[in-house]
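I've put the structures underneath this note.
Below, chain A partners chain B and then partners chain C, in two separate complexes.
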Partner chain A sequence: MKYDTIIIGGSEAAFASGLILADAGQKVAVISHGQTFLHCSAASLGLLGYDKDGNPVHNPVEAMAALPDSHPYSKIGVGRVCELAQDVKDLFVRSGIPMHGSYERNHYRMSPIGVFKPAWLSMDTSPVAASPDDVKTWGKVLILGIEGFLDFFAKFIASGLGAIGVNTEIRNISLPELSALRSGSTEKMRATNIARVIVSEKNIEDVALRINIAVESSHADTVVMPAVFGLSDPLFGVRLQSKLKCRLMFVPTMPVSVPGLCAKGRFESRFRQIGGTLFYGDTVSGGEFVDGSLKSVRTLNMAETALYADNFILATGNFINHGLVASPSGVSEPLFGLDIMPFAESGFTGSDFFSRQPYMKCGVATDSDFRVALNGNMINNFYAAGSILGGCDTLKEESGAGVEYISAIAVAKKILEKKGGLK
Partner chain B sequence: MDYFAEKKYYDVIIIGGGITGAGTARDCAMRGLKTLLVERFDFTAGATGRNHGLLHSGARYAVTDKESASECITENMILRRIARHCVEDTGGLFVTLQDDDLGYQAKFVESCRASGINAEVIDPAEARRLEPAVNPGIIGAVRVPDGAVDPFRLTISNVVDAVRNGADVLTFHEVQSLIIVGGKVVGVRMLDKRGKREVEAYSSLVINAAGIWGYLVAKKAGITINMFPAKGALLIFGHRINNMVINRCRKPADADILVPGDTISLIGTTSSRVPYEDIDNMRVTRDEVDVLLREGSLIAPVLANTRIIRAYAGVRPLVAADNDPSGRSISRGIVCLDHASRDGLDGFITITGGKLMTYRLMAEKAVDMACAKLGRNAVCRTAETMLPGSDDMPGYNVKKDCCGGLLPDQQSAVRAATGRHGSLSRHIVCDKESDRAVVCECEQVSVGEIRYAMDQLHADRLVSLRRRTRLGMGTCQGELCACRAAGVMAALGKDPVSTLADLKSFIAERWKGMEAVAWGDTLAEAQLMEWLYVGMCGLDRVPGLSYSKKQ
Partner chain C sequence: MTGIQEKTASVNNLEECLKCTVCTVYCPVTAVNPGYPGPKQAGPDGERYRLKNSAYYDESLRKCLNCKRCEVACPSGVRPADIIQAARIRYSKHSPSLRDRLLASTDFVGGIATVMAPIVNGMLSLRPVKVLMDKTIGVDAHRQFPAYSGEKFTTWWHREAEKGQSAFSKHISYFHGCYVQYNFPRLGRDLVKIMNAVGYGVHLLSGERCCGVAKIANGLIGDACRDAQRNMEAVRRSVFKENRTVVATSSTCVLTMRDEYSELLGVDNSDVRSNINLATRFLHTLVDSGEIKIAFRKDYLKNVAYHTPCHMARLGWGVHSVELLKMIPGLNLNVLQQECCGMSGTYGFKKENYKYSQAIGQTLFDNISAANPDVVATDCETCKWQIEMSTPYKVLNPVSIIAEALDVDETRKLNGLC
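== the complex of A and B ==
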């Protein structure tokens, strides 16, 4: 089988590059063992939230100038990052997920435990404000939990909001539709299970009624609820909002989160719609390298069939996704044994969990076009994208989503710019 | 009401909330002494919570230390009876590997029998059948009555019984000094770590049961006990590999015991002297991990490819004889010191040495001495009296009465809670819908069980909840349920800011156990944990949060 581009991995970078390439008319396949959409779990994406001293960044573009050369943004170039940032927003919009925000000015999102963190793009009904001080415009906030649902931390949110002078009240509503989950021994009261139950127009009416009753008696201006609705409908929140007497905000839960799963579903179905091929539950078992190029790959499920392509993208993620694997003797890339970026840090781990962890910067070795290398030789048609690039501490910087999506689109566009790449 | 509003007088104050202190408090209270148990952190925070959880048959000591071996088998049989909800009768094997001396086996079996330990030589093929995880190349096997014991459950059960018999207990109270009047200890001065104040309590007698920290307690009274902190490192594996305890049949050495415990397996230990300055902050080194993995894989080859979820270390309180300051003739036996005759300081007893297995006997010796000094004539009944959780209540039906309110299709939560708390599980109330929600899926801990642990088992922190309920002890190590449990604690009335500080400490402590084994799936989990708590939640950015790395 022959493709224009084969993408290995199930990360958000894999889908982002896949969508760009397929949109441009390429024949694209994604081979993935499993999928993770961690960045979308928060319902907000970060571009660059904190500088190297940990201070919040107001203008990401300005702050990028201070990043070291090893940073993926520096490799792409700040001007180009800004262009691609716009593409990321478009990518979501085309997949049916409206995103709000600007790469020139961060806004703030409220985390599941009531902490405000800088953000670049946020989904509809995300709990966001222009600045932490601006949260006061939310007015009185009703923090509304769901009886039996434990992944919503009402007290922490109240404490976080209270610290910035916002008046709050905590209540619970009981949804009779969920009684099966409450007593069930296998299907628990988790966000995605609730979202599978609450889907119909009648469900929305019922939920809206209960919220309105609670809002009325509490005289709240804003209601904050766990993000447990709209698994396959990114506009569920907007529809619910239209039936409410106050502003509605959904606080994302810990993964697997509903916004994350919803985005994944949207990307997947659109990728299929525009002709992309998905090989799920399969793992690449090796590749055939000829004259500095990757000719084909083989997989465990299709052992007899080599999959050929003009270009390949490795988007298997970092340690979390097993795109990188550490052993007592060092770090490796498990599928091809690609070269790893020299490790400049003094130790691999830090004893204080909440300080910087050096291992966060691990990644595969690449050139400035993100082409990977094997045994010291650059592979001219094999690119890396997303968190496997390493080179920065995306968690301390709040830049994980930006690096994930922007590097993926950068690589996809690089492939399209190649002679004969665009069909 | 302020507990210290009026002066508090006791017959006995016991320092140390490990198994020895808890057992001593129970024994004192059962003999009718007015008792106070004081612990500077939470129960089981020291060596009690950092060992193998091995219900020794005594076989390990049979060749080298007959006295310890006899004590172990006697206590083994007692614990099986009085603490059956804390004990799992796994049975044990002592296996001889190809490179080991099979000649040792005969001496071993003979020594076991001399100490009253039922050691039965079996065919290696039979051993492989009984325990498929054992190295298939073994050339000899002996079956012994080893088992697994949960030190957390055992300790808290002793505490519960002490309280039932009238004892007072204080956690997070650190003894600052002993109050000495006219050459006699008459009480203790404590720092209340929560209220941040000094408080005092008075007694006729103080019993120092603080394990290795007992050295520092005695020092406060100007007394030197010739103790040597011996670090023992262990590894926890991500699932239960073996059903029986597997020991190596040779002279006791590093990493030669593999113990199953609930859902996991443990390999240990190493043994190395450490300075006193380090005993509050034990970190497992890479070298220790290497030894444990290398030697452990010889006993059960599957260990080499099994995920390690945590490395940890405890400190044994080894005591040298008073006439041996160099510590050459170290004993693992029980040491009970009357400081009146030894040091001329009246009203002060130290009980130390020994081991988890012999805690009850240690308590008995200490309380015998205490009764003699106090002129009380009361007999020890701890060997016959069932511990709370192991006692049958008349008319009590596990299925019907336990975890009141859990629904018929929540049997896994009922079974888990009954397994953990035995007949005490009848105090878990889940009659409200919100109490039935499951917080920790690996270990099936419900909101009702958390409420019970908070209200009745002195648990007001996540780490205490882990010790009381196994929350976060399973394969996921509390990745998601720690946050969930913190939310539940806050919803049940704990202050949200201190609960978040507690969550932060819990995560930091978890990393401490992962760092030495930060590769493979463990590093992947660590990165996910950082992604969740730093990236998504911003736990590192909660304003005004101070957290401690020592719990």
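== the complex of A and C ==
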């Protein structure tokens, strides 16, 4: 089978580049060994949240100038990163997910444990403020859990808000619609199961009524709830807000984030609509390299049937996604054995779990166009995108989403600029 | 201790589980049945305990449909469904009831029912008979039984097709399975029509038995192993002696023979696994490589919604059926979001499962109604029963749609047959 571009991996980078290429008329396939890590989304994206000393960044564009040459943003160029940042916002909007924020000025989002972190784009109804000090404008905050739901950390949130001088109160509401879920095992009262039950207009009315009663008696100005509604409706929060007497904020939960799953659903259905092919649950088992190009790949499911393409993108992620594998003999890229970026750090792991981890900077070796190499030879039609690029500590920089989406769109546009790329 | 990290993976990769819970999101049973703990808890979580002490096994694992959506979704390569099925085979003390044995013995029951098809079909649709079966053996009274055909596929093949098949220069053996044999021989006739038009002779797979999927699901493991061994002997004869690859029209039969035989039953199939193929994949691969050509009628105009059966998704071959259907010029194809229909072979027939079966399928039924097609295409017979019972839409295997749309004369010409 023949495609214009085959994308290997199920990361956000895979979807982002796939959507850009398919939108431009290319025949695109995505091969993913499982579902994407959008399932763990925080409903906010970070572009560059902290500098190398761990200080919060106010203007990401200015702070990018200080990044080392090995950083993906430096390889793309700061000016180009700004252009592509706008494309990322458009990508979400075109898929029906409104995003708020600017690449020139970070805002702050509250994490599920009540910590405020710099963010670039946030979904509707996210717990955001222009600055930590600005959180005081939330007024009195009612932290409202749902009876039987365990993945919401109300006390952490109260302590986080209390530390910046915000007055809070913790309460629970009981939703009778969830009684069947509550009667089952602990796996039942999960965010996605609740979101499957609370869907109708009548459900929204009922939830709104119960929130309003709690808000009235607690005299709260803002209510913070777990994000357990709107599995296929990104505007659920906006609809619920319109029925409330106070400001509503949804905190994404783990495991499995409802806003993330909603975004994934939107990307996936749009990708199919514009002609994209998804190979879910399949693993690439090897590639055929001819004269410095990758000609085709094989997969476990497709077996004897080789998949051909003019261009390939590797978006398999970092260690946690198995895009890179660490063993006692070293770091490797498991699908093709691609060249790994020289490791310049001293030591592989940090002294304690929460400190900077040098291995986070591991990645595949690429040229400035993000083309990968095998045995020292650049492959001219094979690109890497997303966290497999390495060269940065996305966790400490709060830059994971930015690197993921921006590098993906950069690579997709490079492919389209090539002769015959644009159909 | 050197290299200990590389020596910790078990066959179903349970150690790789990160507890991300993605599998549970895609489990159709967890969403509707409060008594089922879900693939993460029943699979890798529970397995760690069962490895220590088999007393940790609990019979709620029998609520798993074995749809394998958890395996398609897992980002870490864990196989929760296989862990659960293997645990059931190893630890379950539940012995199959008369009903389970009847439902699982698709070939034995089918053989008798076909002889008396008009009577059996009439009886099975009578309300008092349904109520009786509901009350006595626990087959849900709401369930419509697939009609038995008056003539077995093989009878038709011997009478109408056999003579002409050796005239072709290329050949396949057809694994028709129980459904085509006893319920819907038309699908087998459709495959013969297409294969003959592109230059392939179609032969019976001599010695074919039921693939055994229903026996595995109902705990009749010894019977399933015997069927599996006989089928592998048949496939080996076909592949090595007659030089014919084996093609089937049911995605579940193919998945069972390719993957479940070795992974669950311990029946080795490694020497012939790549020769057990699905018809749409076989055809599409030949079209894609230019070895055959297919011409379609210009007057075949239809809106078709394609439903990917869960086992087809696990095989990863939905793309073949989709690409073949896309070749039909007058066909407007709507590929539905992959959802479970809830039937899962014999699961939906059982009284205790009926309401969950329908609740699982509701999203799919709604999506089909929204698409409002002329016909639904799917590669699995039990999905067909469920969709036809639960929606007003007719369901056909993609092979039957291709056969309907086929321009036989033009196709024969393109393949140098006249």
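Observations, loosely collected:
Basically, the second predicted complex is superposed on the first by the 417 of 423 C-alpha atoms of A that agree within 3 Å, B and C clash if a C-alpha of one lies under 4 Å from a C-alpha of the other, contacts with A are read in each partner's own complex, and residues count from 1 in each chain.
Keep this in mind: a contact is a pair of C-beta atoms (placed from the backbone, for glycine too) under 8 Å apart; a residue touches a chain by one contact, two chains touch by 3 or more.
Every value quoted in this text rests on a predicted model; they were computed, and no experiment measured them.
By the document's definition of touching, both partners, chain B and chain C, reach A:Lys188. Of the two partner chains, chain B is the only one touched by A:Phe353; chain C is not. Looking at the shared chain after the overlay, A:Glu417 reaches neither chain B nor chain C. Between chain B and chain C, the partner in contact with more residues of chain A is B. Shared-chain residue A:Asp133: touches no atom of chain B or chain C.
Once the two complexes are overlaid on the shared chain, A:Ser159 sits against chain B while remaining clear of chain C.
Contacts of A:Cys40 after superposition: chain C is touched, whereas chain B is not reached. Of the two partner chains, chain B is the only one that A:Asn318 touches; chain C does not reach it. Look at A:Ser327: by the touch rule set out above, it reaches both chain B and chain C. When the shared chain is aligned, chain B comes close enough to touch A:Glu147, but chain C does not.
Looking at chain A, you'll find residues 183-185, 188, 255, 320-322, 327-328 touch chain B in one structure and chain C in the other. Chain A contributes residues 38, 41-42, 111-113, 115-117, 147-156, 158-160, 163, 174, 182-185, 188-189, 252, 254-255, 318-322, 325-328, 348-349, 351-354, 357, 359-360, 394-396, 398, 400 to its touches with chain B in the complex. Across the complex, chain B meets chain A through its residues 283, 286, 290, 407, 409-413, 433-434, 436-439, 441, 447, 480, 483-484, 486-488, 490-491, 496-497, 499-500, 504, 507-508, 510-512, 515, 518-520, 523-524, 526-532, 534-544, 549. In the complex of the two chains, the chain C residues touching chain A come out as 2-3, 5-6, 18-22, 24-26, 30-31, 33-38, 40-41, 71-77, 274, 281, 285, 288, 313-317, 319, 323, 335, 337-338. Residue ranges on chain A touching chain C, taken from their complex, read 1, 10, 33-37, 39-40, 180-181, 183-185, 187-188, 190, 192-193, 196, 255-256, 261, 269, 272, 277, 279-283, 299-305, 320-322, 327-328.
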